[in-house]
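What follows is a structure written as structure tokens; I'll ask about it next.
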Amino acid sequence: MSLDAALAVQLGRFGLDVAFRVDDGERVALVGPNGAGKTTVLFALAGLIPLERGRIELGGVLLDDPEAGVFVAPEARDIGVVFQDGRLFPHLSALENVAFGLRSRGVKRAERRSRARDWLERVGLGALADARASTLSGGEARKVALARALAIAPRALLLDEPFASLDEDAVIDMRETLRRHLAELRGPCLLVTHDPADTRMLGARTLRLVDGTDLEEMR
Amino acid sequence: MKARRSRGARALPLPVLLPVLCGAALLGVPLFALVARAPWGRLATELASPEVLTALQLSLYCSVSATALSTLLGVPLAWLLARGEFRGRRLLRALVMLPMILPPVVGGVALLLAFGRRGLVGAWLDQAFGIQLPFTLAGAVLAETFVAMPFLVIAAEGGFRQVDRRLEQAAATLGASRLRVFARITLPLAAPALGAGAALCWARALGEFGATITFAGNLPGRTQTLPLAVYIALETRPEAAFAMSLVLLAVALAVLVALRETWTGR
Amino acid sequence: APKPVLVFAAASLAEAFTALCDAFASAHAPASVEHSFAGSPALVAQIESGAPAEVIVTADTESMARLEAAGRLASAPALFARNRLEIVVERGNPKGVTGLADLARSDLIVILAAESVPVGRYAREALNSAGVTLAPRSFEPNVKAVLNRVALGEADAGIVYATDVRAAGERVAGVAIADGQNVSASYPIALVKQAELRPEARAFVAFVLSDAGRAILARFGFLPS
Amino acid sequence: MKARRSRGARALPLPVLLPVLCGAALLGVPLFALVARAPWGRLATELASPEVLTALQLSLYCSVSATALSTLLGVPLAWLLARGEFRGRRLLRALVMLPMILPPVVGGVALLLAFGRRGLVGAWLDQAFGIQLPFTLAGAVLAETFVAMPFLVIAAEGGFRQVDRRLEQAAATLGASRLRVFARITLPLAAPALGAGAALCWARALGEFGATITFAGNLPGRTQTLPLAVYIALETRPEAAFAMSLVLLAVALAVLVALRETWTGR
Amino acid sequence: MSLDAALAVQLGRFGLDVAFRVDDGERVALVGPNGAGKTTVLFALAGLIPLERGRIELGGVLLDDPEAGVFVAPEARDIGVVFQDGRLFPHLSALENVAFGLRSRGVKRAERRSRARDWLERVGLGALADARASTLSGGEARKVALARALAIAPRALLLDEPFASLDEDAVIDMRETLRRHLAELRGPCLLVTHDPADTRMLGARTLRLVDGTDLEEMR
């Protein structure tokens, strides 16, 4: 399953216009200065910002193409996202947050809860399963967000600084967890990061975005 | 992370205190005056009268049913107004508010024209199913719903709009349909506004009088709710009417205070 | 010009008293009248709370009696008009109602005014004297509600004042009630106790009771008292 | 970062569509029936009659004043209910809602007992300042405020509660007093609910009838608002009453549709 | 102006009980694993969580002491906070966010705006002064939050991972901006971070917090 993207959108003062391709099972690190448009790229891919021009194709399926009048809604894309700003559901417990996505995949309640618990244990938060998300610390919330996105085993993964706010040990653990998960998973993975270590550890190809329009491969 | 309640109460700033006192006086003094003038001796008598008790029961039944019906029909409407993207949304919202503005008796006449024996829909209901709404309890519920539902719709819509769309987006990327996003994210997060809307709707339905008496009529034991009984009694026995009003207020007060704060979103 | 005389009158008399006020103003210039029409309970509560009304007109003798008992009147109530009951039915009288006895028919939806309003009491008296017992579907809060419901076809028959049937014109039909069974209603007018009792107020009451006033009332179907 | 509007309208899911249609029918069919039966020929006549025009002006004046007064007095009250920490808060909230439940004529009587010439406060106002409220325009505004303010208070409170406290905390650490936090953070962020509350309040005031006629009387050109004129017309000329109701609805519709969406928080 | 703190609070499942002292003008880095209670420490100091036991004294002024019945409200403490979760006011522009705190300090409107603009330029966001905060990118928002806290020149500074989400160049710039600002400023500064580089660059003493109760000096 490969990802083909040509993205052109205008958000008020900011214009994004880039094209790239991510092969099946490939990990790409998306880097670049603040405000370059990295998050906007992920949002366009996830369907949270419809394209103005260009097209998005994932595994041969057209997801967005304004010219052809095609737009697949976010909930139908099966693309997992870790948001830069977390976005845990504050009124749900950590466990319910992680289990949330499994429901739409038709997983039964007991199975959902056991899988979610499993994921919370993998990110080291087994003890906080029943804690309301609004009471979690910054780093804990980040881990739950990662678990929530990985738990649904989506066709593609978009991670926006997933390791920010994590303590040093946790960063190492999470990188390892992610690496192992990605090894099982096919499908492309796009990782936004400011830490070169992330790129190295995950063995990812690196794309550097500047000013919304300059996208270049780094070696 | 949430902060807990701070130690020690702090004094209110004057620009808040002054209007709060004026507002409380404006609402409170008339109520107090009514209570002060109340025929306390009669209160017990009225409360013991089977007519008043029946009317009270009917009031509670109708207002709760109307609130339930309003919630069932109004919440989806509010969601559509808050999150739907279609032309004429503002017009729809304005239309939803019109029953609030219509003088209640005219509202009752409009209901008769629609759901009465000869009404647009009513004639068909009668012929096809033998359903007649005027002079029935269901008719009273319908009339109260007509008048009270707009309050719920508009209050709930305000609440839905205030919900952080970013969370709704996150839920969508997790594969949740729009309906599920609404049920699991928007609705619980808008609970305070929804609770307020339901409370407004219930209170309005409980006090409703004009549309109900015009559409459903006024038969003690069948369609006579407490406000109708009050209105009728006002003509000849104003003291009894005041006593019944106090009963109505007391019951409403008890219910509103007893509501768990979380239910009304508090 | 002197301050207008403030007249409080029962809402059911709105049409006739608007005409009476206009006629008085043109006959007694520069005196004029200002009116406030409302239901009896509101009128009574207003006068009891010291409203600046100078003349009060009610649709029943009971409300007036309450005000008199409360010491709010400056003159004894005078009866200025009478009214008779009539059966109101749909236009064309499709159910063929001929008198009070028909109202007991089970194929009819009959409504009455509540007994707390005068017309409801009078209707009860009339039915009693006709020996008719019936189960009305609703006790309406006032006579217009009875009339409107019949006009809309939601009820088949009701008992109202003759003046109401007349005022409704084409929308409904009236069926007379036999003289022996009919009941007549009386309308009282009185001066309200105020710091100053103005001659204009007295003049207005006199005008209502005068032949000119009665002629106007007759136009609206009221009988002389 | 916010997402923009998605391309292409999506169909409504059935569990939403069905109640939306039922709800719209319940509210819409009676209005439609009223319009269909309207004496269109008369509409122009009514609109041209100086009495109706005056009543319309008074209605607009009173309802807007009542909404302004309710906002002034009600918003601080709502804030206190939402963010205050004191015993009896639930009781206060319930008390605020009582005027909604009181049958309007009884509400008018309560106002007379409080602010009438012989009333608790009214007697003092009269003697000390020569202020008499009954049978004046100010009295009509007061009566409408009494009935309509609770809607604003409760809806606004729901909105205030929904505002993210974390932002209020951040403002406090920047040295902002509680009043300033409220004015600059809470209030603007609760704009949707506040707009909804103001709209509800205005609509309720515009349609108010029972308390107004009882407290302020029914003096054409002075205190006779359009709903009062409708009430009197219902007694004598029902066709005219319907025509006037439609005028009221049309004006309300025009105002509600014309409101800038941002003002009502949209 | 020195800070003396003995903090004991219980937040549901989590208990904090530590005591420490920060000298006048001293910078202290507060480190420790996720969920250790670092943010809770800052909240207690800022007055957002009242103490259950203990006391807080800043420059000889008692800020919180439950036994003595003393509690100074957050708005009266004059302590600047950069929140881990940003907390920009979404309905205000970047400029208005930065100017917000100056208003309470009695600074006139024109002066407020020019000082705020100055601060935005210092963090490299002069061009985004009029952008609504809700449209800023993650890193941009973080910079505005830092500017907002520094602009009020508070008696003490509490920074909760102020450099998270910043690009590599921006981290270096911001550290430098902060260092210069702190050099002018007296008063203690507490910095929560997971990056040892922050500690080094700012020449800070390091306190390591574990489990809400173990607080130890690191060398």
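Read from first to last, the chains carry the letters A, B, C, D and E; within each, the first residue is number 1.
We adopt the following convention: a residue touches a chain if its C-beta (ideal position, glycine included) is under 8 Å from a C-beta of that chain, and two chains touch if they have at least 3 such contacts.
A quick note: this is a predicted structure, and the numbers were derived from the prediction, not measured.
Enquirer: Would you pick out the chains that touch subunit B and also touch subunit E?
Expert: A, D
Enquirer: Based on which chains touch which, give the shortest step count from subunit C to subunit E.
Expert: Step count on the best path from subunit C to subunit E: 2.
Enquirer: Among the chains, which is located farthest from subunit A on the basis of C-alpha centroids?
Expert: C
Enquirer: Of every pair of chains, which is linked by the largest number of C-beta contacts?
Expert: Answer by contact count: the chains B-D.
Enquirer: Compute the distance, rounded to whole Å, between the mean C-alpha positions of subunit D and subunit E.
Expert: So the centroids are 44 Å from each other.
Enquirer: Just how far, in Å, is the C-alpha centre of subunit C from the one of subunit B?
Expert: Computed from C-alpha means, the inter-chain centre distance equals 35 Å.
Enquirer: On a C-alpha centroid basis, what's the spacing between subunit A and subunit D, in Å?
Expert: Here subunit A and subunit D have centroids separated by 47 Å.
Enquirer: Taking each chain's centre as the mean position of its Cα atoms, how many Å separate subunit B from subunit D?
Expert: Distance between chain centres, rounded to whole Å: 14 Å.
Enquirer: Give me the residues of subunit D that touch two or more other chains.
Expert: 1-3, 6, 10, 105, 109, 113, 119, 166, 169, 177-178, 189, 231, 234
Enquirer: Could you tell me which residues belong to subunit E and also touch two or more other chains?
Expert: 11, 39, 48, 73, 85, 135-137 - these are the residues of subunit E that touch more than one other chain.
Enquirer: Provide the list of subunit C residues touching at least two other chains, using ranges where the numbers run on.
Expert: Residues 39, 41, 45, 148 of subunit C each touch two or more of the other chains.
Enquirer: Considering the complex alone, what residue numbers of subunit B touch subunit D?
Expert: Within the complex, subunit B contacts subunit D at residues 2-3, 5-6, 9-10, 12-13, 15-16, 19-20, 22-34, 36-37, 72-77, 79-80, 84-86, 90-107, 109-111, 113-115, 119-121, 142, 145-146, 149-151, 153-155, 157-159, 161-163, 165-166, 169, 177-179, 182, 189-190, 192-197, 199-200, 203-204, 206-207, 209-210, 227, 230-231, 234, 238, 241-242, 245, 248-249, 252-253, 256-257, 261, 265-266.
Enquirer: Touching residues of subunit C toward subunit D in the complex: what are they?
Expert: 8, 11-12, 14-15, 34-39, 41-42, 45-46, 49-52, 144, 148, 151, 167, 171
Enquirer: Note which residues of subunit A are touching subunit B in the complex, please.
Expert: Result: residues 46-48, 73-81, 83, 85, 87, 89-92, 100-101, 103-105, 134-137, 148, 152 of subunit A touch subunit B.
Enquirer: Note which residues of subunit B are touching subunit A in the complex, please.
Expert: Against subunit A, subunit B makes touches at 1-2, 166-167, 169-178, 180-181, 184-185, 188-189.
Enquirer: For subunit B, which residues count as touching subunit C in their complex?
Expert: Contacts found on subunit B: 109, 112-113, 116-118, 134-135, 213-214, 217-220, 223-224, 228, 231-238, 241.
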